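Structures for review follow.
There are two complexes below, and they share chain A, which is joined by chain B in the first and by chain C in the second.
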Partner chain A sequence: MSVKDTSLGERLREHGISRRSFLNYCAAIASLMALPPGAVPAIAAALEAARRPSVIWLSFQECTGCTESLTRSHSPTIEDLILGTISLDYHHTLQAAAGTAAEAAREQAMQENHGKYLLIVDGSLPGADSNPGYSTIAGVSNYAMLMEAVQGAAAVVAVGTCAAFGGLPGADPNPTGAVSVMDVVKDKPVVNVSGCPPVPMVITGVLVHYLTFGRLPELDQYHRPLAFFGQSIHDRCYRRPFYDKGLFAETFDDAGARAGWCLYRLGCKGPSTYNACATMRWNSGTSWPIEAGHPCLGCSEPHFWDAGGFYTPLSVPTGVPKQALLAAGAAGAAIGGVVATKAKQRVRADAADRQPVTVDELEQKL
Partner chain B sequence: MIDPMDFLLLTKGPLFTLAIGICALGLAARLLEILVMGRKHNYSEPRAGEWLPGLRTVLSRTIADPGTIKRAPFNVVVGWLWHLGFIVTLLFFIPHIALIKSLLGLSWPGLPNPAVDLITAVTLVALVATLVHRLTHPVKRRISTVEDYLLWAVVFLVALSGYLAYNRIVTPYPLALGLHILCAEVLLIVLPFTKLTHIFTAFIARWYNGASFGRRGVQS
Partner chain C sequence: MSERLVVDPITRIEGHLRIEVEMAGAQIAQAYSSGTMVRGIETILRGRDPRNAWAFAQRICGVCTLVHGLASVRAVEDALLIELPASAQLIRNLMIGAQFIHDHVMHFYHLHALDWVDVVSGLSASPEATSTLAQSISPWPKSSPGYFRDVQKRLKGFVDSGQLGIFANGYWGHPAYKLPPAANLMAVAHYLEALAWQRDAARLHAIFGGKNPHPNFVVGGVACPIDLNSDSAINAKKLAEVQTVIAAMQQFVDQVYVPDTLAIASFYPEWFQRGEGLGNFLCYGDLPATGTMDPAGFLFPRGVILNRDLSTIHEVDLHDDSQIQEFVSHSWYDYQGGKDAGLHPYAGETTLDYDGRGGVKPPYSQLDVTDGYTWLKAPRWKGHAMEVGPLARVLMLYATGHAQTKELVDSTLSTLKLEPRALFSTLGRTAARTLETKILVDAMQGWYDALIANIKAGDDRTFNEGRWDPATWPNDARGAGFMEAPRGALGHWIVIKEGLIENYQAVVPSTWNAGPRDPANQPGAYEAALADNHQLADAKQPLEILRTIHSFDPCIACAVHLADPDSGERIEIKVT
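Entry: the complex of A and B
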């Protein structure tokens, strides 16, 4: 039996994943996606029987951090296996083939699975009107390759903030004219799994949902799966009680920081960031940035590179030019001074021009 | 519809710069005009100093006299309540302190968030009460102008949007925070050109009154 024909269940058993831990995983996915407990057997059954859907992974203007995030599970976790078990027919970093052979594999997968494959994109791409030379693969511009691959895709998953929102390449001044997948793909369902990088379980969660139900999960207004991006970091943060009590770390090494107080004043963007880090954590649930003592950068939100300093509190405006403020005050003072001086001059002039009239004179006139 | 994060960045960025610039320009112009114009020169021989009575009146006029309390207890109590609530929320909510520190470099300890939350809730109720009173009291109703109602709305919306954002009642949060910042910017822009200038001029006016009393040797 070829690798492609084995079901996910068989593959998991081959790798020594017990049924108990497999069901635990299904239950965790079900609860994360707010599905009823009754859905667990359905997920398990669907996953066990799932024939590997073809996945084409396009990497454009990216740093490979997203792939690192997904593959750097030390022991073969179930997430890792699910990722490994899908028929990843084309992925620059992970595939053995290179050059012409790699591109041929992509072409072949696209033809064989036309209309059915899942297209995963990481990295932004120079837009239709930008210089295509900023990012090419085998001499083909990112835009042309994406548009070709989208034709036969069942759905598109944009992995990472660059693919979802433009990310770092799209940050001001955006020299390459980078755009997100959603900016150019209008006729296919797009799921954004944002984050820099995204939490590994979120991407596999989307895949599991797709394998189980044959459709994409419910999305928020940024096309992110609601199950993972429905709540803010702030609302699920274990340091939230300190925020509520008004206990804040002021520097990275003060008593408050050592006591694990809230990092709002150190620039934490948790209140405006929607992601699953606070609940799912990183490195197999070991820790996550805030637990490690670092404020949330807000990496799963659009424009997070341009949203003010990473270490500037959320309430602080982005870049009020102090000179401009002083200039406005000085201009105002000048205007006020001129108006007042004019008024004083008018009063003095009126006093000088005053022509007193006596009662007798008035009576004569009347 | 504008993207919530775009909206937040617009309000935190160019709109805030514009609003604080207009506020600085307008306030500087109006205050300097008042101070340069001063008062008419008084040629009479002063009976006592001006500075101390002036400062004393700045404080003493803050407390209403017994007659006013008896005639208009609602105005005194509710007026005090919401003014104090607004000022405490403005100056002692940690995110506000962070904002002031970024602009002026000055910082002071804040209040715990639940305390500010409660104070804001009381402020909101008091503000609604002032509107109801204004609409139902025959004299107040007659002397109220469109400006009075507009300024009530501006102040109320600043407090309400802040309350909604803090309690995360409006989602997503970038939209809620952006709305609050936008309301505050409207307040900053209208501040120098409306009755809201009393935030600064009330104290100047009181000082002039007290100084005049002092010069004439009457109780300040």
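Entry: the complex of A and C
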């Protein structure tokens, strides 16, 4: 295949057609279409801008769950995205080329779109001081490949909790010295799209924001876009009213679980987790973890793997005996409301104490 | 003159695979398979609560996204002797079946098809001829000339943009592509349709597990309760959604995936004559009929086939420390007992030692295959290297007299005018994957109907709480959690001490298939398959290597080297 990744304007120039000739060509087009001469620059700009933005996707210490999640996006769909919106010039799971041909595609895209391409990374990577042999592609360490690719990138998007925060490979005892993208990329804007994996529509939503508005979205303290990570799961949860009433499932498949009561006492990390699951839901809006009966794992938060057990409550409203909670459920909201007020205060205090703390925050405190 | 060929990255797979091959003329003489990425998940799992293990283990892979989570909860359930409520087992079966069907269809269209389908050739197809072809093989409704004209127009617009994106630098025009333009255009249309179809198929996991990828599980059952009178449990509305998803799966498998496999395979008869290799096949078995994990009730039987001898099925015991062992003689790990020791997973060790075990300092152009050359260990069953996966399962079903399998295999062989020996091949493996998808999509309806019958009979429990509290556990326990994953036999072994994980080992399908040589220098399944009757038409475009490697549906990153076994002369060939 000899077609190169260039816009029409660039291709004309490659064939020896000068800028001047190109503008003449545009004028001829305008004439043919009976447009005024003033339209010529607009036509030229449109033709030259007919390129889809180049996206280079690097996969390091990952499980491909983030790519799988990307393919579940229903608006835009993956096929619309890669055929009509972006030019996905390097992506191990989807690209046809392999071996040196694949690496050549990456190098060519980096060269031709220098300063303009969007670099997406999924997976953590062994840090600069780790053994580079822990993860290589084409014999090159992940660190070296990222540092090379980041140079010409307009921005970097770290997709998934591994790329954003080190994720599972970085979980204690971090056997490979895994680090996040932000740990090593200091001179480019980095957007973290966390989640294990991120919600499909959040991945494409961030891309669409960038492509539509030409700039990166507003970010939170962890560099996550506010549009998707601005609210806690808890604050958007459809089971929140049961928390407020003090109605909790005590175990899987009990009466409370069946009735859809709050999963807080089963370990739900919704109160300390910021993500869009509760509003956007998963898989074309079909469901989401809490709706399907499982407590939130907190997978979009830094260090969630080491933030206590998945079935250990952030805190339990211990001032209220189990029986009282169940009775409250049976008797209705009147008693529940009293219980809930106590429970809420306790939970808030404990949640504040037990929120995941980052190394940066610790350093500031110490 | 001899050549060495390196293919790294092997793309259109899960993970990081590098393969190095030694050539004898145009023929592949030896192949070396290398997984080039490690995370140390087994080490990370130590000291944690066994009930949490599934979430960590599940992240081994996001493609076969539920299997490691499920193998992990089964390992804990085996250790703690937990039986499942029947409805929970049926829901798990539905989730496993959906995983297979989703995974196999995506593998065929999005990971494997471009080895057989020349996308660019589709541009010159006649939409009318494409329609005629499509309608001759299937009643699938999207088959009009106008439909294919639209697909072609979209493809043309894409190619004319000059930005080929994921299709850039493919081996288009390679002489090994044999499909006529109409078949290529039809396959491109189905490539796009399958992308849309899989989004819908994944919804089944969201209904029962909250999301896909990485649906949720719980030790002792499933997290989703059943309550027909609740708006927040599995109720009639959600069950109806499940039924709709199953019906859509069924239609796509019957009307698109199966006929496309047969149509494409019919143009590549020579690929039923190469790429098999080991001839040994291992299945742990899966898909229980009841709440117990008794192999007697499995849809997929358990057993071993040696040397292609279907008349003898050998028994497999996952707990027997003399049967399944892992070796690291060619891996970047250390064993306390020395590099030639074999360890049963209960006693398994995961000690990374890249520098000490022959890892070449990056950037490198060639592995040192005399020592360690991969992050995969070499698992063996009673010392034998084994192939796992769809071909192993279909052979096992065939050998044990499963009526539907026999009918499907025999009719496929007859349609393609092939002898049974043709199953042991690259396309035999690919065809087996399609046939088992057909078996599973039919079974889905049966499990769904059984679930409905269970609920009707009042058995709607989904969780066994008996052993949830660690205070009820023995001080010492160990268990093997196994399943048939889309890519083959998968086992997780857990050792629990005083409520925490003392040791955890996963031996995954791609460890069996993509693993390296063992101390006896026996190659793994990929290595043996590539050494089986492969000639490269053009060493710069090693399409043939991709075909056989992709037929296994790898779940890792690999590399291939070509070197001269006689002169030792090694010349780097740029693959472009």
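In this section, the second predicted complex is superposed on the first by the 250 of 366 C-alpha atoms of A that agree within 3 Å, B and C clash if a C-alpha of one lies under 4 Å from a C-alpha of the other, contacts with A are read in each partner's own complex, and residues count from 1 in each chain.
Rule of thumb we're sticking to: a residue touches a chain if its C-beta (ideal position, glycine included) is under 8 Å from a C-beta of that chain, and two chains touch if they have at least 3 such contacts.
Only a predicted model underlies this, so the values are computations on that prediction, with no experimental measurement involved.
Chain A has more of its residues touched by C than by the other of chain B and chain C. In the superposed model, A:Tyr210 makes contact with neither chain B nor chain C. When both complexes are overlaid on chain A, the residue A:Asp244 reaches chain B alone and has no touch with chain C. In the overlay built on the shared chain, the residue A:Asp235 is in contact with chain B alone; chain C does not reach it. When the two complexes are overlaid on their common chain A, residue A:Pro302 makes contact with chain B while staying clear of chain C. Within chain A, no residue touches chain B in one complex and chain C in the other. Contact residues of chain C toward chain A in the complex are 6-16, 18, 36-41, 43-44, 49, 51-52, 55-56, 59-63, 65, 106, 110-111, 114, 119-120, 154, 158-159, 161-173, 192, 195-196, 198-200, 202-203, 205-216, 218, 220-227, 230-233, 241, 332, 352, 354-355, 359-365, 461-463, 465, 468, 541-542, 546, 557, 560, 574-576. Remark: chain B residues 3-6, 8-9, 12-13, 16-17, 20-22, 24-37, 94-96, 98-99, 102-103, 110-115, 168, 172-174, 177 touch chain A in the complex.
Residues of chain A touching chain B in their complex: 221, 232, 234-235, 243-246, 248, 264-265, 271-272, 274, 301-303, 306-308, 312-321, 324-325, 328-333, 335-337, 339-341, 343-344.
Interface of chain A with chain C (complex): residues 1, 3-8, 11, 50-52, 54, 59-69, 71-74, 77-79, 82-83, 86-89, 91-105, 108, 131-141, 144, 168-169, 171-176, 178, 196-197, 239, 251-253, 257-260, 277, 282-284, 286-294, 297, 305, 309-311.
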